[in-house]
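Two complexes, one shared chain (chain A), two partners (chain B, chain C).
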Partner chain A sequence: MRVSRTIQGLGYAAPTALFVTVFFLLPLLLVGQMSLSDWPLLAGDRGTNAPENYTDVTASTLFWPAVRFTLLYTALVTVVLLGLALLLALLVQESRPGAGFYRTVYFLPGALGLASASLLFWGLYSPTTGPLSRLPQHLGLADDPVSFLGTPTSALLSTVFLVVWKFAGFYMLILLVGLQRIPHEVYEAARMDGASRAQTFRSITLPLLRPSLALSLLLCVTGSLLAFDQFFVLTKGGPDNSTVTVVQLIYREAFQRMDLGTAAALSIVVLGALLLLNALQFRGLRHADES
Partner chain B sequence: MLTRALGRTPHHVLAGGLAVVFLFPLLWNAWASVSAQPGTAQESGHGLGNYRTLLEYDAGLWRYLLNSTVVSALTVALTVSVSLLGGYAFARFTFPGKNLLFLLTLAILMVPYATLLIPLYVLLGRLHLQNSLIGLSLVLAMFQLPFATFMMRISFEAVPRELEESALVDGCGTAGALRRVLLPAVRPGLITVGLFAFLAAWNDFIAPLILISDSAKAPLPLAVATLRQQSMGAVDYGATEAGVVVLAVPCLLVFLLLQRHYVRGFMSGALKG
Partner chain C sequence: MGSTTRSRGPMNRLVTGALALLAAASLVTACGSGDDSGPRGSGSADAKGLDDGSKLTMWTRAATRPQSEALVEAYNAGHKNKIELTVVPTDDYQAKVGAAAGSRDLPDLFASDVVFVPNYTSSGLFADLTGRIDALPFAGKLAQSHIKAGTYDGKKYVVPHTLDLSVLFYNKDLYRKAGLDPEKPPTTLAEWDAQARAVDALGSGVDGTFFGGNCGGCGVFTWWPSIWAAGQEVLNEDGTAADLDSATARKVYDTYRGWVRDDIVAPGAKDETGTTWTGVFPKGKVGIMPMPSTTLGLMPKGLDLGVAPIPGPDGGKSTFVGGDAIGISATSDKADQAWNFLAWSLGEEAQVDVVAAHKDVVARTDLAANKYSSADPRQVTVNQLVADGRTPYALKFGQTFNDPNGPWLTLMRDAVFGDGGSLEKDNKAVTASLAD
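Let's look at the complex of A and B:
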């Protein structure tokens, strides 16, 4: 007897269902329970203590500075990264000689891991062996070697530069796909009508590129709000805890303060904020589409 | 000719200047890893001193490379096989709960990495998979599933139904049709999925940081980051630079070889997303 197609379909989907249940749904329920329990790292579950973990989160002196810093970092990275990615995409979109070469070169840092890239820049920014810290001095622009990670502002800007270097090619690819879907005839028509290059860009390229820009924006904002590796490796949250992000705070609560309950509560807060933000972004984009 | 060449100059100056900025850190790091620096194993001249430091550090470079290779291979194998079967199911079958399961798989993308890693740390402990490369691979494969399942679903949907039906008429079961007829047709999609899974698994930092506490089981990124932190005060920049080279070379090679398949991942996302 032949097994029915329904049963076969269930069979093929079973591994996916198993993965989603055990490694996604179960942890999601567990993190909810943990957030309501007294749960030290080593002792394990010691019973309900709600809502203590949640009040602990906002009571932490690092919480609001971390939220503020994460938002500032996100805004900065998003503007610089998407701006540069758009420039790169425009530079390599046409079949000019060398376009393929430039495309590969711009993307190359994207093949590295974020942790590897952070380790690389940690050396590059080093005041002792890095080639950059003495450059302004040699050029006569500064009196002392530049300290790239020494002050809160320079640490933030240095990290933004690293992240832009690592991800610009990635967003360039997304925007390039969008650019290539704009029909040639539209540009032809604009040229016939005597539109300048700036006009063409403003009234044709940008509006027609909106789906790709929206996707880039969503990915970039989400990724930046959850930043961890770059700050953990490059600045270690310093100087003076000035570059601690929200996800770093989760790590600190769990594995340095050894309080999984509070870490879980903070994880739930981050999840809630992210879902809310994504819902708002979707609504905003749909609203913009209708107008 | 001359005016046209001049007209192109600003473009090449800008594009070329940017190319230098993008290449410089990679080239500098490779060069610095074999150059003389005070406080490293390479005090004078050029040579592989820093790589020797890496070979002898703690459990040794070969051990960390092996850990990373095992995790990457397992993650790729799990991601490719689960998403192959799942993609087939979602594209060609109807069964109760199909849409719900597909949405739940995509929902993994909506949940922050860290939100899941805290409970996974506890959960893997209960499954006796804490501190295990298998446990780590299972988690990394789960994070790959949204993209992989989506990619494989559209790959199967792009194959003409007649191809599969003729195989079924010839007496193949669905498993036979999948193996003989569909597998070759969706191979490009599988390569893309495997490539993304490899790059993610090889490079991941936060998952092993949380899930692996035994330093002999650390994958390479974690090992290089701790190598740098352990030498208190005197920091070994040279060994770190050598570590970055060892981390980067496989990724750069794989990317350059399979660039076409990588770009397809973006095309599919942009078309359907």
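Let's look at the complex of A and C:
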């Protein structure tokens, strides 16, 4: 009986185990080996050269600026995105007439692929072909077409705008589910005790929403640290290398410099950093739960 | 993409080799045995290759799609061999070729932006075509800058496929309005400067000139001819060191910087990453700017435009002979059939009735004047430029000059949108990348 149950269990787990092995573990091992080898894109494996690829990573003049920029972008996006998502979720949480319509509208951009959305915004922002850049001019607010991607600050903010537009609805959905899990009785009890709206929000909504907030935070931080598509399409790291993210560097190593070894080493470094960060986030959130 | 005969173990290859031996003794060179992955297929006896009804695969990048499609269509219509053309997005092409090379999955024929050819020849992706090319009766008349770019260690690996030259386009209507002679395009950078400013003075949405200011490839393509025209080099012979802060180069940057400073340039130049830079001139609001010759056939009918060579600071003329070169992949077992296409594509019929008929630049200098170009003198201007033009050679070309995060774009932008004070330092960074 016991043995057959074990076999049955293994059987159930086998497809997933196989999937994880083939599509995650083996590639991971290959990347590990690549990162220790001299591996040009066109010529293939030329043998071990450890730890040259790893020292090359930090030797690149773009590396530290890219790390700084990625962290700045992550902080900015996380704050703006989750703040707005929470606001939207609070707006549409009650089942009022029209709430369904607004929920759908807010969520709609999330149904688009990030690359497609980036391309759409690239077209809108374009100073030569886009409609947005000439709008202020036509309204008499500016003398020349506005350059949305022309300066480091405007390029960053324009990209953040795109990402917020694209993902706010998605995080709203996660938070909405969390909000609706909070029992009505708790709110009623608070009202009986004469708690103000602000007090209710601070002492009831936020603490009880913590699991959803934690999940959103984790997804948002991880996703932002791995930002690539939006910058690849909108800015290509420009202007003047001001918006180069870490993942763009991996792409550049592999497909511009055609050096898979260094690209793999950089990937391993990013993976390590992400693991560390996620572990810290989990610990922090667990601590907060226990306190 | 995994069509026809890609997966080959040694056994499979042995069989192929044996069959080929039986079929024709002249095929021996095209079908090596064992695990020899080096370039093969040189010195075949038949200069025209084989047309035996084989199915061939071919890749090209989207940028030169119309030219490739026209050639392949015409070839398929008149031959037993059939080519299946796959067009790959331009930005993904390098990555795709790289991945396919790793898994030995390259098509029989693949074209490449000519500046990336040295990457492929040095990595052994192309088959040696030295004997075949030299046996062509018009070998010496082929665009030599492409042949040179495809020569590695004394062996020739590619032939020109589509030629794309940088030339000045100028709007004759705007020239007339500005009181300029529409038949007198500039012959020096100073004249170009004066004419651009004269057109810009028309105002009401008209601008003097335009360029891709956030696009390294555009800078290479349109700025370097002005430097070459003065007899000044930009790279050393091996492509391992840059000389981009020469006095001549500085004069060129200064002119462009003047245009930016005085707002002679159409809006968007500073942000232009190369995606839309050729779309500005056809709108008819720009006086004069360098453009790719492949866009000549795509210009609006009503636009009265003239074509002129890109001049240097004190005269002279040059052009960047870009476009695609094409070779046979080293792993192809149909080198003779593939060569049949290449040899045909360079013949008079294909060059005149397909290439010239589409207003494109012919790959042979002896066909510069033909029945189509004589109807459009602008085409003769372009065709004749091939002999004055250059294709720069550097193994690290892409990562140095095309990479949007590479050192050349930094130099360009510092020189034209900045004050040009960091040229020496920027040039050193370019050299460091070339010698990487």
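Criterion: the second predicted complex is superposed on the first by the 260 of 291 C-alpha atoms of A that agree within 3 Å, B and C clash if a C-alpha of one lies under 4 Å from a C-alpha of the other, contacts with A are read in each partner's own complex, and residues count from 1 in each chain.
Basically, a contact is a pair of C-beta atoms (placed from the backbone, for glycine too) under 8 Å apart; a residue touches a chain by one contact, two chains touch by 3 or more.
Quick caveat: nothing in here was measured; it's all calculated off a predicted structure.
A.B. asks: Examine A:Val105 and indicate which partner it touches, taking first as chain B and second as chain C; both and neither are also allowed.
C.D. replies: After superposing on A, A:Val105 lies in contact with chain B but is clear of chain C.
A.B. asks: Please tell me which partner, chain B or chain C, touches more residues of chain A.
C.D. replies: The larger set of chain A residues in touch belongs to B.
A.B. asks: Classify the contacts of A:Gln256 with the two partner chains as first (chain B alone), second (chain C alone), both, or neither.
C.D. replies: A:Gln256 sits against chain C, while chain B stays out of touch.
A.B. asks: With the two complexes superposed on chain A, say which partner A:Gly237 touches: chain B (first), chain C (second), both, or neither.
C.D. replies: Once the two structures are laid over each other on A, A:Gly237 reaches chain C alone.
A.B. asks: Classify the contacts of A:Ser216 with the two partner chains as first (chain B alone), second (chain C alone), both, or neither.
C.D. replies: A:Ser216 sits against neither chain B nor chain C.
A.B. asks: In the superposed arrangement, does A:Pro145 touch chain B (first), chain C (second), both or neither?
C.D. replies: Second partner only.
A.B. asks: If we overlay the two complexes on their shared chain A, which of chain B and chain C does A:Thr70 touch? Say first, second, both or neither.
C.D. replies: In the superposition, A:Thr70 contacts neither chain B nor chain C.
A.B. asks: A:Ala43 in the overlay: touching chain B, chain C, both, or neither? Say first, second, both or neither.
C.D. replies: second
A.B. asks: Would you sort A:Thr129 into first (chain B), second (chain C), both or neither based on which partner it touches?
C.D. replies: Both partners.
A.B. asks: Using the touch definition from the top, say if A:Gly178 reaches chain B (first), chain C (second), both or neither.
C.D. replies: first
A.B. asks: Residues on chain A in contact with chain B in one complex and with chain C in the other?
C.D. replies: 44, 126, 128-129, 254-255
A.B. asks: Along chain B, where are the residues that touch chain A in the complex?
C.D. replies: So the residues of chain B in touch with chain A come to 8, 11-12, 14-15, 18-19, 21-23, 25-26, 28-29, 32, 37-39, 81-83, 85-86, 88-90, 92-96, 98, 101, 104-105, 107-108, 110-116, 118-123, 138-139, 141-142, 145, 149, 173-174, 199, 202-206, 209-210, 221, 224-225, 228, 235, 237-238, 240-241, 243-244, 247-248, 251-252, 254-256, 259, 263, 266-267, 269-270, 273.
A.B. asks: Please give the residue numbers of chain A that touch chain C in the complex, ascending.
C.D. replies: Per the stated touch rule, the residues are 40-44, 62, 126-129, 133, 144-145, 147, 149-150, 236-241, 244, 248, 252, 254-258.
A.B. asks: Going by the contact rule set out above, which residues of chain A touch chain B in the complex?
C.D. replies: 2, 5-17, 19-20, 23-28, 30-31, 34, 44, 88, 91-92, 96, 98, 101-102, 104-109, 111-116, 119-124, 126, 128-129, 131, 165, 168-169, 173-174, 177-178, 181, 211-212, 215, 226, 228-229, 232-233, 247, 250-251, 254-255, 260, 263-264, 267-268, 270-271, 274-275, 278
A.B. asks: Write out the stretch or stretches of chain C touching chain A in their complex.
C.D. replies: The contact residues of chain C facing chain A are 94-95, 97-98, 101-102, 119-120, 123-125, 214, 266-268, 270-273, 276, 279-280, 398-399, 402-406, 409-410, 413, 436.
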